[in-house]
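Each of the next two complexes has chain A plus one more chain, namely chain B in the first and chain C in the second.
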Partner chain A sequence: MAYSDKVIQHTENPKNVGTLDKEDPNVGTGLVGAPACGDVMRLQIKVGDGGVIEDAKFKTFGCGSAIASSSLATEWLRGKTLDQAEAIKNSDIVEELDLPPVKIHCSVLAEDAIKSAIADYRQKQGKKQADNKA
Partner chain B sequence: MNPFSELGLADTFEVDVKALEKTHRDLSRALHPDRYVQAPAGERRVALERAVRVNEAFRAVKDPLSRAEALFALRGTPIGDGKEPKPDPDFLMDVLESREALSDAKGEKNAAAVAKLKAAAEANHERVLAALGAVFAKPEKPDESAVKLLGKLRFFRRFLEEVSDVEDDLDAT
Partner chain C sequence: MTSLKFPIFMDYHSTTPVDRRVLDEMIPYFTEKFGNAASRNHAFGWSAEEAVDQARERVAKLIGAQSEKEIVFTSGASESNNLALKGVAEFYKEKGNHIITTVIEHKAVLDTCKRLESEGFEVTYLPIEADGRVSVEKVANAITDKTILVSVMLANNEIGTVQPLAEIGKITRERGVLLHTDAVQGVGKTAFDVQAMNVDLASITAHKMYGPKGVGALYVRRQKPRVRIAAQMDGGGHERGMRSGTLNVPGIVGFGKACEIMTNEGVEEAKKLLALRERLRTRLMSELDEVHVNGSMEHRLAGNLNVSFAFVEGEAMMMAIKDVAVSSGSACTSASLEPSYVLRALGVGDELAHSSIRFGLGRFTTEAEVDYVAELVIRKVRHLRDMSPLYEMHKEGIDLTKVEWAHH
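Moving on, here comes the complex of A and B:
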């Protein structure tokens, strides 16, 4: 199958591959997998004091489109507030990467990973606040 | 298409692969174009179409993953993109950790570590196959937990494909 140039760029030179400390209270980790194809994706965000995402890293084991989708997602996440990050839609990724219909599920996976990382961060923060009050 | 009925088989998950191969061979022989040289064009076309379907059905039944997918479809449980439950976080964590360990082993050219990861994944693969066998042995429509097994099977399958790529890489160097 032919990949678009943008997918190839991200696959050959993925941005922000790596790991953040998942125990850090300012780090949110999203771990998602696509049962229909066996791809697995981890996306992490580090949120600064102003509620702005300072850093984002990913590790994806899957096809080129899944790698490109998560690489693009981390690029987009940096500098965004959580609300802005949450507004990222898989269709934005599809459009930017020119993904064909059979690869749309890769962008869905990336959107899931973003949402799940944000949810993890918020849960940690909520827990921290509860601990402080206690 | 029901690949089981195409081959004249009962739709079970347990398959005798030798018998399956013999069925395929016999049907392919019976439908071979050489046997239809003298036949009217219509009959020849029907035999050819049937031979194509028989080949497809054979492949679908032979591979346990596509066999399971066919059985889910036949029993009315929806599967496929977007229709399957999300894998459990703990399971995903295990998958990701194994993939990372495999990628490290590849980087270190550590064949022993690759072999160990392969053995573990093969054992997991077998376990999931056995669990699916138990699901399909019952007459009920498989539920969501059964579909999760199918997802697991695909994750292990992907992992083992990756293992064989890594093995090829290590052999080549």
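Moving on, here comes the complex of A and C:
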């Protein structure tokens, strides 16, 4: 299969590979996919005081398109508010990376990973507030 | 130090380049000696026929056939497999309607069996054991008084495992059942002899043995027992009525030469390949952890190494080593999004199937290439594992089989 230049760039030079401390209350972690399906993405965001994502990291087990989708997602997430981040659609990723139809599921997984990281962050914050009240 | 040429080809199970010696013999048959081998009345036809006869003898010799008359030329092994299975099924349908095969056969066998099932035949698909070989006992137990044919490949195209064909042949002969083998990957590369192994029909193809694409043969035994097949291509009655169509003379000439080279050099070549394969394997396995060989090491083609680099997806791996042509059982490399059915049948688990890489070494593989590929693969596996959440979890001591994954 021929890859788009952007997919190749992201897989050769992935942006923001790494791990954030998942115990940090300001970090949200999304782990989606399954090894048996051939792709697992872990996407993490660190949210600053103004509710702006100041850092985003990923690690992905998956094909080139999955790696590129998550790498692109971390680039897009940095500097966005949570609401802006939540508005990222898989179709935006498909368009940016020129993914062929058989690779659309990679972009879906990236969108899921974003949503799941945000949900994890919100849950932690809700718990923190509840703890503070108690 | 020899300089390397890129890309490096390590996918010799998919196809092979035509050997220069093969090409040289073929060339005159495109131009001066272009005759139709069926033209009985002039010199052009005679020289074509003579060349075809010589090729037939060379093919027969390689596989231990008793007579060159047992060789039917085809367009390749897909056709040979179709002709063998459908031809036997049609001819012997009064005798029985049961066929036995294995789950790891090539699609040209499996899909032919599917079609025969839709026409009322019954097919038993035997599983393979953990070493990638079919159990001889299971073959024996599957035979009923309705069984007309057993079809088991000589060597598998993905994992390179060599099947216990001689033992199976003993049983099928005893029980009066025909034995067909798809010998494509093994012929010339591992011991194969239709007499010694009691094989009744065998499919082979030129392009896996340094001959041209689009030409192959079906061996059809003529004595003890005399095997009959119903033709699947009607027409001028070529190839003793078993396969009509004007013969691909240059292709057949090349096929014959390729067989002759294999007869003379195959054993030596396999020794060389085994040394290179082991060099590659030991380097990879000494430098990297969690490398799993798929299939038996003992009963395996010398040029085959099928390994899973756990926690690294196969297609990403292939992209990372794009200067090296290999193949993977990962779903991402197929249209179906299913990992390889052969690896599944082996029971390695979908995770490892997705992580598999098949290295196929062949006649023109050099030590310098092996060393380059080993070094590159080691570097890239480490790089991709640094990127893999699974490797990180594994290193933290998390049992990945106990994690609740969201299957999609």
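Note that the second predicted complex is superposed on the first by the 130 of 134 C-alpha atoms of A that agree within 3 Å, B and C clash if a C-alpha of one lies under 4 Å from a C-alpha of the other, contacts with A are read in each partner's own complex, and residues count from 1 in each chain.
Everything that follows uses one rule, which is that a residue touches a chain if its C-beta (ideal position, glycine included) is under 8 Å from a C-beta of that chain, and two chains touch if they have at least 3 such contacts.
The shown structure was predicted, so the numbers you read here are calculated from the model rather than taken from an experiment.
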First (chain B), second (chain C), both or neither touched by A:G50: neither
Which superposed partner A:P101 touches (first chain B, second chain C, both, neither): neither
Which of chain B and chain C A:Y3 touches, first, second, both or neither: second
Comparison of chain B and chain C by chain A residues contacted: C
Chain B versus chain C as contact partner of A:G38, first or second or both or neither: both
Which of chain B and chain C A:K59 touches, first, second, both or neither: both
Residues of chain A contacting chain B in one complex and chain C in the other: 31-33, 35-40, 42, 59, 61, 105, 108
Chain B residues within the chain A interface of the complex: 79-82, 84-87, 89, 91-93, 95-96, 99-100, 103, 147-148, 150-152, 154-155, 157-159, 162
Residues of chain C that touch chain A when the two form their complex: 311-313, 315-316, 319-320, 330-333, 335, 337, 339, 349-351, 354, 386-392, 400, 405-408
In the complex, chain A residues that touch chain B: 31-33, 35-40, 42, 59, 61, 105, 108
Contact set on chain A toward chain C in their complex: 1, 3, 8, 11, 14, 17, 19, 31-42, 59-64, 66-67, 102, 105, 108-109
